[in-house]
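These are the structures, in structure tokens.
Next, two complexes with subunit A in common: one pairs it with subunit B, the other with subunit C.
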Partner chain A sequence: MQRDKSDPLSVVTRAPDTDYERIFHPKRVAIAGVSPGGGSGFGTLSLLSLQAMGFEGEIFPVNPKGGEITGLKIYRRVEDIPGKLDLVVVVVAAEESAAVLEAGRRKGAAGGIIITSGFSETATPEGVAREEEIRQIAAKGIRVIGPNCFGIYCPRSGLTFIPNPDLSRESGPVAFLSQSGGMASDYTSMGMWMGLRFSKVVSFGNGADLRESELLWYLGDDTETGVISMYVEGIRDGDEFLKALKSAARKKAVVILKGGLSTAGSRAVVSHTASLGGSRVIWESLLRQAGAVQVRDIQEMAQTCLAFAMLPGRVYRGLSVAGGGGALGIVACDTAEVYGLEVPLLQGSVRDQVASYLPKSGASAVNPIDVANPYTPPEILEKIFRVAAQDNRIDLQVLMLLPHHYKTFAGTRRGWRTFPHEELADRLKSVIRETRKPVVLVMTNTKRGLPDLDVVEVHAKARQTFLAKGIPVFDEIGDALRAIANVNRYYGKGETA
Partner chain B sequence: MQRDKSDPLSVVTRAPDTDYERIFHPKRVAIAGVSPGGGSGFGTLSLLSLQAMGFEGEIFPVNPKGGEITGLKIYRRVEDIPGKLDLVVVVVAAEESAAVLEAGRRKGAAGGIIITSGFSETATPEGVAREEEIRQIAAKGIRVIGPNCFGIYCPRSGLTFIPNPDLSRESGPVAFLSQSGGMASDYTSMGMWMGLRFSKVVSFGNGADLRESELLWYLGDDTETGVISMYVEGIRDGDEFLKALKSAARKKAVVILKGGLSTAGSRAVVSHTASLGGSRVIWESLLRQAGAVQVRDIQEMAQTCLAFAMLPGRVYRGLSVAGGGGALGIVACDTAEVYGLEVPLLQGSVRDQVASYLPKSGASAVNPIDVANPYTPPEILEKIFRVAAQDNRIDLQVLMLLPHHYKTFAGTRRGWRTFPHEELADRLKSVIRETRKPVVLVMTNTKRGLPDLDVVEVHAKARQTFLAKGIPVFDEIGDALRAIANVNRYYGKGETA
Partner chain C sequence: MNRESAEKIIGSALAGGRKVLSEYESKRVLKAYDIPVTREVLVHEESEVAPVTADIGYPLVMKVCSAAIAHKTEKGLIRVDIRTDTEALQAFHEIKRGLEDQEGGVLIQEMIKGRRELVMGLTRDDQFGPCVMFGLGGIFTEILRDIVFRRAPLTREDALAMMREIRASGILDAVRGMEAADRERLADMLIGIGQIGIDLGRVREIDLNPVILSGKDPVVVDALIVLS
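Showing the complex of A and B:
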């Protein structure tokens, strides 16, 4: 914990007194609490998740009954495992957790993940005492994540204890710290289809030992992490958190969802993770001062991180907004203004050139650009975007697509399933490369019922195509504009106080 | 146009000087502008839509070339159609539209729908002159919808010109008036899967004759309509609109999406439907004074109308919020507070009883109610909701479901596709009936990618099941709470000024 104590606000990089490398990329992991018969207990699920992810290290399942599980020998005690451990995962009963953690520490583990609940979050004297015991073992030299958590998801090492068996092995720039395990599970699931790729996800639950501030110091310096997202309910040490947050936010965007801002929410925080809440106004002010980007729900957090991850880091003030439909563009402009974004009037030769690619009737080149029909060929869209980018007040271009309209013409000459997403992705990618101005897609699906699962499928495919070409996709124009505005809040802020 | 002129603010019911019955439920309809060879022109599409909807009246296609289309004789001129017409639909070129409309008028049509564009929205002298000509014909005794529109969708009569061939024949309480055809198309598509059922939808485009104010007077008195939604860009006569809006809003909720509130949006309005925009502040004040509920986008409009259509008309201040996950409930409470909703602390015997149904560890009965896992059986949820309703501070109950979690346990004893939505719907329905307090569902799908289309399908099925039992479903907690808050804005307002 080396920091420049003489100047508490100076940006100081924390020396790694914790062996994060062995915690996030362990070679030898014990899982205590698997069921010999399989079953769906969290111990077994953790093991299955690890195997489904293709974790390459050695796994040592533990259960006093011994036996075998998915081809692995079950050790009766952690002590019986041969050699040194890097990580011990504790999924036994709450009252047995301390002993297992201590055994792991004696086996040389750099970290312990206690998934089990039944600690301070119960607000019982026994629960609080158990957590204190965990803390004392941690102080002897093992860093603890949990209890009452899902631990770590680290795509690069294949380490995961989040009970989503289908998470990606693909790494990316987004880190996530969460006091809530459910949030970590939902957020990583959303990331899969939205295109968020993670560096490290840590669900730390009650945070008996390692928690928000220390993990922030770590991620601030983590070269794999480009943007940090966090779900926090309460923090242990406000001053320390503020320092860690300021330091991290100077290096990369930190997007924070603070739970428990309301009377009822704050009350619930106490029983959820035994943290203290705090008033909405205090938190908003604190987070703003620290240079963090506060968001209101998991959707905004995910959308904002997508924008941070996929857009070059800068302020985007002026937008071109194009779509096939007048009202679409008008409502987009209205929403843009709410978020402090501009949709500048195109003028002169840029406007004339854009107009030359549009139909004579029903279209508009002023910006918003109304291409007048939802079937505008990719070739035309490419031309329009290349020209509009010449206006130096345009920093970013938004294209609103309504691919479900293609289904309307099933059986007619336009055909269905003909939404040319691959061609469009290629053309937009070349526009982005040449103009050096990003394009953001909004693909709203107004057909989502049982007769339209084919539309859902085309949407999902198209989304993958666009994401693969580096083009972020949002469901609704409001989501996209809010995410862009959040990027602006970060890059547009003055010196942090 | 009989109104009490001595008191412009008195609630006056307009006498029907327009034969709306023949316009919305016509028996004999001419469609001028079909293509003899089929094709995908709007004339042919309109005919196909009418036939796909099972419109029971007689249809007379018109094209100077004559011939046949989908088994119907094509008349060369409107004048050649035998007998009287109720409605003439004009999909010919702009310059020929007036003549066709006039022919329809001479055939006794009560209404004409001009789908064709190329009128005042072009801002050309010819376009403006053409529209004036339409207005002069209308003044001779035919009410005109359009030009530059999709006309009418009326499920009860099977009349539709919105190019969505799959709209429902099921009527419902939601009316929609739209200056934008695209918005009418998207909104009715969304209604299909969201559970919005429509009384009458009118896309009136440029509104040369019939438009926002007169249609509001009509829908205010329409017994089939329980809630009116509108997309307006500009209005012709502010005083008249305010009177019509006030009158309608005293009888039923009016939900308004006003497009063109921003500088850029207002500029675009001019080229879209040739209407004048207006400043954000003026509009917000005007709409509030008139007792209307202003919304920000099509999603909020649809969600708000769903709440108005499915919830008994009253204010819902206190909510119980239940879900399987602590953070879920905490963020829900935080969002509720933003929308002026309360999540009261459950106390005494209600709280004890709720607690008795919950797991001992990880759950919470204080409200938000954390049922601690996403697989809580419907039987338990039923008991919890029945008990929580006994607290007289609870006006409405929210249940947050995460059905995708069932897939996590595919292959384990919990199995996949076992989300018991039918049992849950039945049990919740009986709770609602007995407690007389509505239940609102939030069903967030965090798995929407290509490998999870089965999850999308289960969601779509479950949504249908819940809607069929009278339980509204929203995708996200914020959507649900905002819609409830909008219901409160309407029923909680004092006397309108």
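Showing the complex of A and C:
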């Protein structure tokens, strides 16, 4: 299919005049569609979520019946709200959405978030016509997110999704774009405990107006955003998307989860080239061509963004791998090789020094470093890591911790009641600062059943402690090495593994 | 590069109601874009055979050339390693018979010797427009599917990256006494295929398989262009 230049949908304006600041950090927000009696409609939930987040701006609930809700006056019409608006959240019925959006536009709103569904996704003529009406209003100057979406999560301003009144107000470098609201909600929730902190997350649903390409241009230049992640199903304009992607990927890492790769094209195919060029292989190739990092699932996306967010931007080829157990290290080395990473033998003097900190039997200082003891004291680990970093082939150090063993040994050593994560975090932080080589933690919890909820808790606390000290934590060695390899794919462009 | 002559070939096929170019026509389009193809001549009469074989020189390949017959091998209408005038005439008559009443002729072409077969191609993606393919050719194309795509137009860096990205990229290196492939020439070809996709909107698909490495030099041995 050739792009039809006369088709208005295929021409994406970059709209440099879009006031993103007022869309993401609004001071005055109308929520049209709250229920006066409380209730649990999406409009009311939008309001409650915003209040639970501690949104500092002014909120103007709207419902034709008027009244009051959670101490706020309900305006009967958007037009009745005094003064200008920055953002209007539309949660009224589909057929009323256009009028509310238009009212918001006349009130000076820079953006409208249309949560309501019942538009082009219904594939009915009425739904398509309603969306076209939204697009026409948008063209007059209000930028629209949605319809059929969860909207925006922006920790700095306190905007959030309806089902996520519990997201962090702490900002971070990770941005996320998604058609799917469910994916946006799940990803940010997952990010909370994994250590991701977000700049801006946009679920744009049908994407009648603002969508993937234009938001990519924006995030590419957004100084709050250090790494962009995206969930993509369909795109509106392949040419514009690749241009935006290429431009953004030149400035910062773009991590993409592409959904819908398995649906084979249904058109008739004559040549082998066309039959081989199903959507999967074309997407994979073109994402690589544009310099994006493609991932396979939401977990890999989150882990990869954690690595991009927490590791200094460079290629990490040589690793030291330390842990309490021989098999652990061997499997880690095998996995490293799969991802194009090396676990070089430590040099003579470094090796001798590492060995001097290890038990005389059952340990190994060659790399992988087997500390032969799952509860090696933090001061010993600190010494080992400081020495191993002296080997100039080591770019990054991996520590495989087994905190669940501390339950068994609690009380048997110098009065530890639990795993001494705070001491270890402090010691590792000083090693990282002095050696300028990052340390990545892998904490695999083999005890996650009901009898071990205390172990689960120790893990969660330890993770939080390490993350707070700037040390990334992964559940499995494969997750960690894959994320590091993805960082290498981005910073090592053009290099062969 | 000669875009006009390529347009002429496509125009006359379309005028004849055809959506598939013959191998001969396909290669003339490629040639217009400086893509190296086998030396070959299309003949229709017995009397033409001897002068052509003398000109190209043995060993030769002879095959049916008809837009109506896309799968020559399956139909048994291809003869390879022809070394004498007698063999050439015999092949000519057999292929002619196989043509039956369909339009077409017999393509006499140089036999390219090389153990490394590559594939190149073009497809039009609904979202991304013309995309160029590169990969492992011959019978391995469909078995291993070791292929990559780039969206046209290609930069030289895109083309070189494609060669690095296939799993079998080592096949392009000096291996087992064979010379390293001329990667710059391969890049020219991939860029040229992309340019065809940009210039000629009626070209829907291109399939060049095999592209054989004759020493270090790639040559398109079989070609199919599908129009829309």
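Going forward, the second predicted complex is superposed on the first by the 455 of 497 C-alpha atoms of A that agree within 3 Å, B and C clash if a C-alpha of one lies under 4 Å from a C-alpha of the other, contacts with A are read in each partner's own complex, and residues count from 1 in each chain.
Methods note: a residue touches a chain if its C-beta (ideal position, glycine included) is under 8 Å from a C-beta of that chain, and two chains touch if they have at least 3 such contacts.
All figures in this text were calculated on a predicted structure; none of them were measured in a lab.
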Checklist entry - For A:D239, is the partner it touches subunit B (first), subunit C (second), both, or none of the two (neither)? => result second
Next on the checklist: After the superposition on A, what does A:S189 contact: first (subunit B), second (subunit C), both or neither?
Outcome noted: first
Checklist entry - In the superposed arrangement, does A:S356 touch subunit B (first), subunit C (second), both or neither? => result neither
Checklist entry - Counting only touches as set out at the top, which of subunit B and subunit C does A:G259 meet: first, second, both, neither? => result first
Next on the checklist: Quick check on the superposed pair: does A:I282 touch subunit B, subunit C, both, or neither? Answer first, second, both or neither.
Outcome noted: second
Item to check | More subunit A residues in contact - subunit B or subunit C | outcome: B
Checklist entry - Looking at the overlay, what does A:T124 touch: subunit B (first), subunit C (second), both, or neither? => result neither
Item to check | Intersection of subunit A interface sets (partners subunit B, subunit C) | outcome: 265, 267, 269, 271-273
Checklist entry - Considering the complex alone, what residue numbers of subunit C touch subunit A? => result 20, 70, 119, 121-129, 131, 133, 135, 141-142, 145, 147-151, 157-158, 161, 164-165, 169, 201, 204-207, 209, 224, 226
Next on the checklist: Show me the residue ranges of subunit B that touch subunit A in the complex, using the header's touch definition.
Outcome noted: 39-40, 45, 117-118, 121-122, 148, 163-166, 178-180, 182-183, 185-187, 189-190, 192-193, 231, 233, 257, 259-265, 267-269, 271-273, 280, 296-299, 324-338, 342-345, 361-362, 364, 366-368, 370, 402, 404-405, 408-409, 412-414, 444, 446-453, 456-457, 460-461, 463-464, 476-478
Item to check | Of all residues in subunit A, those that touch subunit C in their complex | outcome: 1-3, 234-235, 238-239, 241-242, 265, 267, 269-274, 276-277, 279, 281-282, 285-286, 288-289, 494, 496
